[in-house]
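In what comes next, chain A is part of two complexes: it sits with chain B in the first one and with chain C in the second one.
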Partner chain A sequence: MRRVRQSAWVLLALVVIGSLGAGLWAPADYATQFREAPNSPPSHQHWLGTDELGRDRFSRVLYGTRVSLLMAPAAALLSTLLATLAGGIAGYLGGWWERIAMAATDLFLSMPWLFLLLVVRAMLPLNVSPITSIAVTFLLLGLLGWAASARVLCAGTRGLRDSDFVLQARASGLRGFRLLALHVMPNLKPVLLAQFWISIPVFIISEANLGILGLGVAEPLPSWGSLLRELEGFTSFGFEAWKLVPLLLLVLVVSSFQIILSRDEVYA
Partner chain B sequence: MKRRPLALLAFLLLVLSAAVGQSGGELRFYLHSEPKTFDPLLVADDASETIRYLTGGVLVRVNRRTQQAEPELAASWTISRDGRSITFNLRERVYYSDGTPFSAEDVAYTVQRLMDPALHSPTGDSFRSGSGVVRTRVDSPARITITFPAPVAGIDKLFDQVAIVSSRSANKERAVLGPFYVADYKPDSYVLLKRNPNYWRRDATGRQLPYLDAVRLGIQPNRDIEMMNFRRGEIDLINWLDSEYFDRLAGLAPEVVHDAGPGLESEQMWFNQFPNAPIPAYKREWFRSTHFRRAISGAINRADLARVVYGGHAQPAAGPVSPANKFWFNAKLRTPAYDPAGALSLLQQAGFRLEGTSLRDREGHAVEFSIITNAGNKARERMATMIQQDLGKIGITVHVVTLDFASLIDRITESYNYEGALLGTANTDLDPNAQMNMWLSSAENHQWNPRQKSPETAWEAEIDRLMKEQASSLEPAKRKACFDRVQEIVVEQQPFSYLVNKNALSAVATTVANASPVVLRPQTYWNAETLSVRVQTASKH
Partner chain C sequence: MRKLVRHLAAMAAIVVAGGLLSATLVRLAPGFGTDERQLDSRLNSESVEALRQARARDRNIPSFYLHYLLRALRGDLGESRTLNRPVRQLLAERLPVTARLVGAGLLAGWLCAVLLAVGATLTRKPACDLLATLVGALFLSVPAAVLALLFVFASAPACLAIALVVFPKVFSYTRNLLAKSYSLPHLMTAYAKGSGPLRILVWHVLPVAGTQLLAVAGISVSIALGAAIPVEALCGIAGIGQLAWQAALGRDLPLLVNLTVLVTVVTLAANWGSEFAGRDLRTREA
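Moving on to the complex of A and B:
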């Protein structure tokens, strides 16, 4: 297990260094179109081939990793924090608080988000720079993605609230924030981490889908989401393995984080 | 020795029967949406149009290969000198699929129903040339005269869209004069058309058409599934393919794909010139400048768009009419040359200047605008991204925004809250009269600046005059001269920058005999009555 964890560390380090230093070792700018060679297979010049506009796929993966690796965890953190606030407090306080908070969560989950996102798009200006588009996209994902996690966290907190060791802590005179911080939150950590890690790939894919509403990361900036869109219709035709690299990277990065953090859970 | 001539005769008969196409077989392909109606006069969607084409009998048919009007249920016709009346001499001994006889009464009934304002027939709109009543006069069971309140240019070709409905049959939608009739319909699943036993047409050897026993139209909106099922041999043709699928399929089975050359569809970009649009005034000033529009057009590399985005299955566009439209295309027009230096020079003449890598206008505003297009259309998204790079070379920053189609249409037709747009036009009608709603300055679809009370520019006034002149003339040469000039003005002024004309791409299984795809819709089954399917075994492509 130790070797697996070390490998995960190495892989993560490589991915982070690779993406942060994209400007140094990417063979081309992510936006440069080599129009004489669109859709070309891997070659000496283009290690992962080129996309449909002739852009170097390896460079786009490096830059896209930087975008997604920074923004998707940030959005996941925001949504998990919101879920902890709504679900955790509701579950801890119980009674009417819990009922009201869960009713609000259900209402939030049942909202027609597609139409609300269309309204959001209508309100945003069209002349948005790619950097702003990233911030807006992931902020929206963070703000909208908390409700399902809140229900899970509420159930988890409720279970802890009624547990024997919390009862014993109460009997010992521990109350309020100290009880929450010393006994409830540490035991809620595995649930929080699970929700956090589940959110990352979901947000990356959601970012790609938001492009349909004009809300995704704007061209020509790449993201894992936009790179994964290349796989649309992939089953219909031949196998071009190099196009799977963004998917492979997504799986490896998320798995590596989970492997590394599972160690912390053991000792928590 | 005596057996040899008999064997030879048998062989010749076999060859002859193969040449004229075998009877029988079921042709299978997909509709991409549910048909909205089986009433041929109410057709407004592609799926219903397919069923109308395969089941409807028309007086005149535009030959999809020659683009000429040919006699169908009307053996001949004459148009009056004033262009208001058309007299049809009908074929005799023609029967509907339910056995009721066809006569001039049916034509009169169809025309009256077509022009009934209460019916709101989209086909009828093409015939509304002026206020007043359309009159029909039945001279005999085989002769009818139709008189319109005002001249209708290209009147005979308009009847290509009018399927004659029975005046006497109880079930009018099922009594048809075309090669097939609707035998079964299961919503969300399929429409089954069967051979019309009373179809009037015969082939050169005197055999009754159609050869096919049935046409099964599955309902399948998903293009990936359509492609997969074509490859599995579960369907026989794909009427329209995008270039990406075409190339992939060509790599696997080159014998099934067909590139018929430039079609009638074009892709174009334009700027919002609407006076009350909620955009900054200085941007509106750019967009209303001819120099600016011409410079943008010249800075776009159309050849690259055709080659990279469409894999070479498109042609750089010269103007509003595709070369596929043989009569109306203005052959004198040349595709705007890709010339970034020339574009910069034009912009400098209009008061713009390049500061470092950024283009600025007279007042110092950086030239930056957005182009909206519909999300999910990969070709348009790619073209917009390529234009973004092309214009970047002359210091212009372009933001590509993809929107869902409803939002996009709302912006370009209601709120006018956009700067540039990239969309396509699918001309199904060859005649320029069908484009009146786009070129007249007062029209709703005069997209760059619609619903003008009076033309705001001299060139728009000239387009209005020329379009009205061609519409009121009955001389083809005069009409052509007027419309040629309209095309020239559009290229000079670039209200629409036409980018590419897409090729008509299709796929037909090798089991389908006599298929000969063309550029006009319906590309692959325009000659459905002479198609046949050889063997119904699943074969992979």
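Moving on to the complex of A and C:
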């Protein structure tokens, strides 16, 4: 199992490096159209062929991977911060604060994640620039994805608040923010890190779902979601196998996250 | 009894708040309140004004929501703007379709997950453990919408796409739970006394793991309902998921509020049903 985990790390590192250097080794820009060669099969010039608009698929996969792999951690960071604010403070203060925060958490958790995401995304403008659509999509993931983490963090903070060493710190005269910063937050670090890492694959998958439904990142900017929309016109595994490359990459990356995270389940 | 009443009250409060939240979101959405019929040159100014008035009533969210709740208590759920049909009729038509789809998906997903988890736990071989982890990770990594597209391509039943979304989550949880249950000291004693694996599973493991598995049952309903949206939208199945998709894109306020309330009620009922069943099981064991 350790070797599989190490392989997952190596694969993730390779994909991240590959996507970050998209500008260096992509044969064309993601929006460049080779109008004389739409829907062309793989060739020396276009390693993964072109899409229906004649855009180089390999370049789009590289740039799309960069978008998904940079923005999903940013959204995960935002959701973890919100969860820390809502769950951590509620758990630390207890009483009515905790009840109100947990009622809000219940409200968010009572609706299926994709339904909530779909409803809220559809409420926002759909005809925006590609850059704005990236910001809107991932901001939304971060803003709506905090509830489950908040519950875990609330329970963790409550446990720490009632622990012996915090009681001793209180008895020594430590109060309020200093107690939180010096004793509670450092001990919450493993939980926070686990929640952050767990959120990344969830957000990658959610963006892909939204993208396929046409509510993700706007064209011509690619993301895994928008690249997977091509599968709508998929007709054959034999003749169009290269169209499956974005899916394969998504599965490999998210599986790698799952394998790496299986060790952190204790904190999840 | 008092606890049950308190639970029901909390459930009602969450449902009302969920409906209000979705109504507010729709109201704040850009383009809300516009009606393309207002551009129809065949309509005279009175008709256009009447349309504008009808939309204006929805602009005040508290008033709209209060009227909606009062009407809903009488069984009137309003009319869909995009489909021009009573919401009650739409829900009555589509709810059984989604219930069948989600029900079949849940059944297939749970069956596969529990059988594979029991198999993987009983064999206790590192290779099986690795294989189980890889299978779980693989299916967790495929978006529901991609599964739906692949199932359309393969002309396979859509309920299996939902089963594949539910399967990895139930499988990984069940496997961990069973592994933990098998390491309990009283099981070692049972093994030492010569009890067979099936007897141990039925008499010692399942009663311990059962209550916690019930909690996952509630969550899996929510997962399956979420997966039903892309599956129905992409497979062309006229169910609640597809209706939610159309309502969201058409910013159909009455339909969206009703769907939010319905989905929230189903999710909460599933979660609390499983919680009560688990509590009942624990009480009987005690």
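Throughout what follows, the second predicted complex is superposed on the first by the 156 of 268 C-alpha atoms of A that agree within 3 Å, B and C clash if a C-alpha of one lies under 4 Å from a C-alpha of the other, contacts with A are read in each partner's own complex, and residues count from 1 in each chain.
Definition applied: a residue touches a chain if its C-beta (ideal position, glycine included) is under 8 Å from a C-beta of that chain, and two chains touch if they have at least 3 such contacts.
None of the values given here were measured: they were computed from a predicted structure.
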First (chain B), second (chain C), both or neither: which does A:A31 touch? first
After lining up the shared chain so the two structures overlap, which partner does A:A122 touch, if you call chain B first and chain C second: first, second, both or neither? both
Tell me which partner A:L228 touches in the superposition: chain B (first), chain C (second), both or neither. second
A:W9 in the overlay: touching chain B, chain C, both, or neither? Say first, second, both or neither. neither
Once the structures are superposed on A, label A:W97 by its partner contacts, choosing first (chain B), second (chain C), both or neither. neither
So, A:A218: does it touch chain B (first), chain C (second), both, or neither? first
Identify which of chain B and chain C touches the larger number of residues of chain A. C
Scan A:F165 for contacts with chain B and chain C and give back first, second, both or neither. neither
Could you list which residues of chain A make contact with chain B in one structure and with chain C in the other? 118, 121-122, 212-213, 235
What residues of chain A sit close enough to touch chain B in their complex? 31, 33, 35, 38, 52-54, 118, 121-122, 126-129, 211-214, 218-220, 233, 235-238
Partner chain A, residues of chain B touching it in the complex: 223-224, 227-228, 231, 244-245, 248, 251-252, 304, 307-309, 368-370, 372, 375-376, 378, 381-382, 384-386, 388-389, 399-404, 406-407, 417-419
Which positions of chain A touch chain C when the two form their complex? 1, 4, 103, 106-107, 110-115, 118-125, 201, 205, 208-209, 212-213, 228, 231-232, 234-235, 247, 250-255, 258-259, 262, 265
Would you pull the chain C residues touching chain A in the complex into a rising list? 10, 13-15, 17-18, 21-22, 25-26, 28-30, 126, 129-130, 133-134, 136-138, 140-146, 149-150, 153, 176, 222-223, 225-227, 229-230, 233-234, 244-245, 248-249, 251, 256, 260, 263-264, 267-268, 271
